[in-house]
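Alright, structures below, take your time with them.
In the two assemblies presented below, chain A is common to both, partnered first by chain B and then by chain C.
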Partner chain A sequence: MSTQYTAVIWNREKKRYDRYLAGLIGLFLLAFCGLTLALQPEITAETLIIRATGTTALLLLHLTLMIGPLCRIDPAFLPLLYNRRHLGVTTFFFGLIHGVFNLIQFHSLGNVNPLVSLFTANVHYGSLSNFPFQVLGFGALVILFLMAATSHDFWLKNLGPKAWKTLHMFVYLAYGLLVMHVLLGVAQAEHSPVAIGFLGMGVVTVISLHLAAAFFGQRGQFTAAAGEDFVEVCGLADIEDKRAKVCLIGKENIAIFKYDGKLAAVSNICKHQHGPLGEGKIVDGCITCPWHGYQYLPENGCSPPPFTEKVSTYELKLVGDRIFVNPRPHPEGTRVEPVEIPRKHE
Partner chain B sequence: MESIIQSFVTFLGVYAAAGIVFALPFSFWGAPRIDPAAKGSPLGFRLLLLPAATALWPLLLIKWIKALQT
Partner chain C sequence: MTPSLRRRHRLIWVVSAFLLPILFIAALWVIPEPAIDGDFNPPTARPYSEPIGQASTEAFSGVLRRDGNLPGWQLEVQLKEHLAAASIQLYLAENGQRRRLLGHLQAPGSYFFHFFPEAAPSTDVLELQLYDGIKRQALKELRLPIQGD
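Right after this comes the complex of A and B.
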């Protein structure tokens, strides 16, 4: 959250994360290049760069896609989520180096425009096994470019969260294109069972994590009884202090927070990137989004000044130790008096 | 097939060239116009806007014109 834009918001945590990222990428590149040179000493420098950067980009994309579901399964992974943007931009840069070196090595030595050559070097567009895999890689790189280029908060705000999120969901299309790019590339050129095996492991891991997150991360769904304004959601003991219980009632996605002997309910959807507020916690008296740290006051859903973001608030009531919520939202930023928890229940 | 691809690549080139011409003035004058929080932002931020401004220039041109009319 800031009132003026800067190029990159770096804090101590992000710098540490980026150092780890750079170190791990360096180690991977060293290992990959060392192993390749040992197994294929005749390999040219250009081919080695193409393979190393392409493999790194694919590995980083796998990691990027695994972070979301991992966080839904276990909040211990949330620090990775806060820094995912840098991982995504790094993925694009490795993909770009891979693409540029490919263009130079395979498509720029004739008298045909390299991009035209990319699309016409293999014209078996009607064949599944001989389909030009380079075109699939180009498509994925375009998507990764659009995502990296629009990753700054300026674009999120000015394209609108919905359009921005939709654009960034195309990462799954990019992933599918890249998997096919590698599969066809290996099948047509290398026939390497090791590469297919690693790719298969990656795909299975990504899909399994998404399925596991859908299963374990499922939110409580409730239905309002006819004629009743309030819906029983959970007991007091079901919510940890400074944490929330998330519930879906009809179309309302609600986060009920317990803090300082009180209860308050707000929309579960952060105004920044539609992050899950209910998976965050109360920090310095504010609900803090787990994705990028956007904050809201629990009693009125407003970001603390000078920030201007607001989310909807909801009425709560406590009957014994059971919590009830009225799923009709108040307009964003409306103050709703928090429910006091009697001392005997604290 | 080749003529279609040639036309597509030419279109991409023209689109990108127009985007590059648009992106620089957008970063310095358009962005603060459509979003006041961009006023007085550092050079690094403005340079960071260039790639997306190049890619999305028709959309941003419309936004800029709308902002000028209000």
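Right after this comes the complex of A and C.
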């Protein structure tokens, strides 16, 4: 969370994460190059660079895509989500090196512009086996470029979270294009069951995690139709201290927090990247978004000064140990007195 | 994440769960036959004793050999120059059409391939084709007459 734009935000945690990332990528590259040279000693340096960077980019994209659903399934993975942006940009840079070397190696030796050659050297667009698979990789690289270029909070602020999120969902298209790029390219020429096996495992893992998160990641969320003034949501015991219960009433996505012997309800949607506030917790008296740490005061939905973000607040009432919420939102930043929990229920 | 965004995610991945495996299998289905010998012999391989055919062009040359004590034929291909292609595949061809993949060539140098005579489309002439696997086009061809017994 910051009041001004910085080219790259590196706090202590992100620096540590980036060191791990760089170290693991270095180890992977060493292992990949060593193994390739041992198995194919005749390989040229250019081909080795192309294969190593392409494989690294594909691996990093798999990891990037796994983090989101893993966090939905188990909050223990949330620190990875906080640092995911650097992983995504790193993926693009490896893809870019792979793409540039490909253009040089495969398309710069003729008398046609390499970019034109990329689209015209092979025009078997109607054939699956001879499909110009490099075009698929190029398409994926363009998407990754747009995502890396707009990954900064400056673009998030100026495009708006909705447009920004929509743009970044194109990563799924990029993933599909890259899988087909590999299957119609290297898999056709190399016949390597190991490479195809690893790719198959990656695809199955990514799809399974996303489906699991989509269908099982919302267990425990309360859902009701709109219409009543106050809707019974849950019991006091259903909410852990400093945590929230999320409820979807009509179109209102509400997070009810229990903290310091009180209850307060705010919109479940963070102003930053529409992260799920209800999956976060109270830290230093503030609701803290699990995605990137944006904070809001539970009683008025305002970020603590000097920050200016605000979310809607909701009325609550406690009848016995049952919690009721009024799904009509107050304007963003409106103070609503938290409900005191009687001592006998604490 | 907003409920509508969650629904969009769910829809995307349900569609992907059907589409990606279908495309995956379709792509595996069209993988051409693997190289006859799986892979070529290392450059340090010892040439078989009896040459039974050879031919040469500016780009590459080939020597076909056999050995009375060993089964099959051995083809030595020498790539003489850098070709304007980075992915070079060597095929046994018939009338200019690729028939069987022998293997992959990288930098100029000697490569050895092993195969049985049944794999060759003709027992009179061994037709070799260098093929660009990226641009999907033939690069060079060589006709290598085979001497009979």
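To be clear about the criterion, the second predicted complex is superposed on the first by the 334 of 346 C-alpha atoms of A that agree within 3 Å, B and C clash if a C-alpha of one lies under 4 Å from a C-alpha of the other, contacts with A are read in each partner's own complex, and residues count from 1 in each chain.
The rule we apply is simple: a residue touches a chain if its C-beta (ideal position, glycine included) is under 8 Å from a C-beta of that chain, and two chains touch if they have at least 3 such contacts.
Remember, predicted model here, so these are calculated numbers, not experimental data.
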Tell me which partner A:14 touches in the superposition: chain B (first), chain C (second), both or neither. neither
Which superposed partner A:168 touches (first chain B, second chain C, both, neither): neither
Scan A:317 for contacts with chain B and chain C and give back first, second, both or neither. neither
In this superposition, the partner of chain A with more touched residues, chain B or chain C, is C
Return first, second, both or neither, reflecting whether A:124 touches chain B, chain C, both chains, or no partner chain. second
Identify the partner contact of A:86: answer first if only chain B is touched, second if only chain C is, both if each is, neither if none is. neither
Where does A:243 make contact in the superposed view: on chain B (first), on chain C (second), on both, or on neither? neither
Which chain A residues are contacted by chain C in one complex and by chain B in the other? none
In the complex, chain B touches chain A at residues 1-2, 5-6, 8-9, 12, 31, 34-35, 37-42, 44-45, 47-49, 51-52, 55-56, 59, 63
Complex interface listing, chain A residues touching chain B: 3-8, 113, 115-116, 119-120, 123, 145-146, 148-150, 152, 154-155, 157-159
Could you pull out which chain A residues touch chain C in their complex? 40-44, 46-47, 105-106, 109-110, 121-122, 124, 128-130, 132, 134, 165, 169, 172, 176, 179-180, 183-185, 187-191, 196, 200, 203, 207, 210-211, 214-215, 218, 248, 251, 253, 269, 274-276
Residues of chain C touching chain A in their complex? 1-3, 5-6, 8-10, 12-14, 16-17, 19-21, 23-24, 26-28, 30-32, 34-35, 42-43, 84-87, 89, 104, 106-107, 109, 111, 133-137
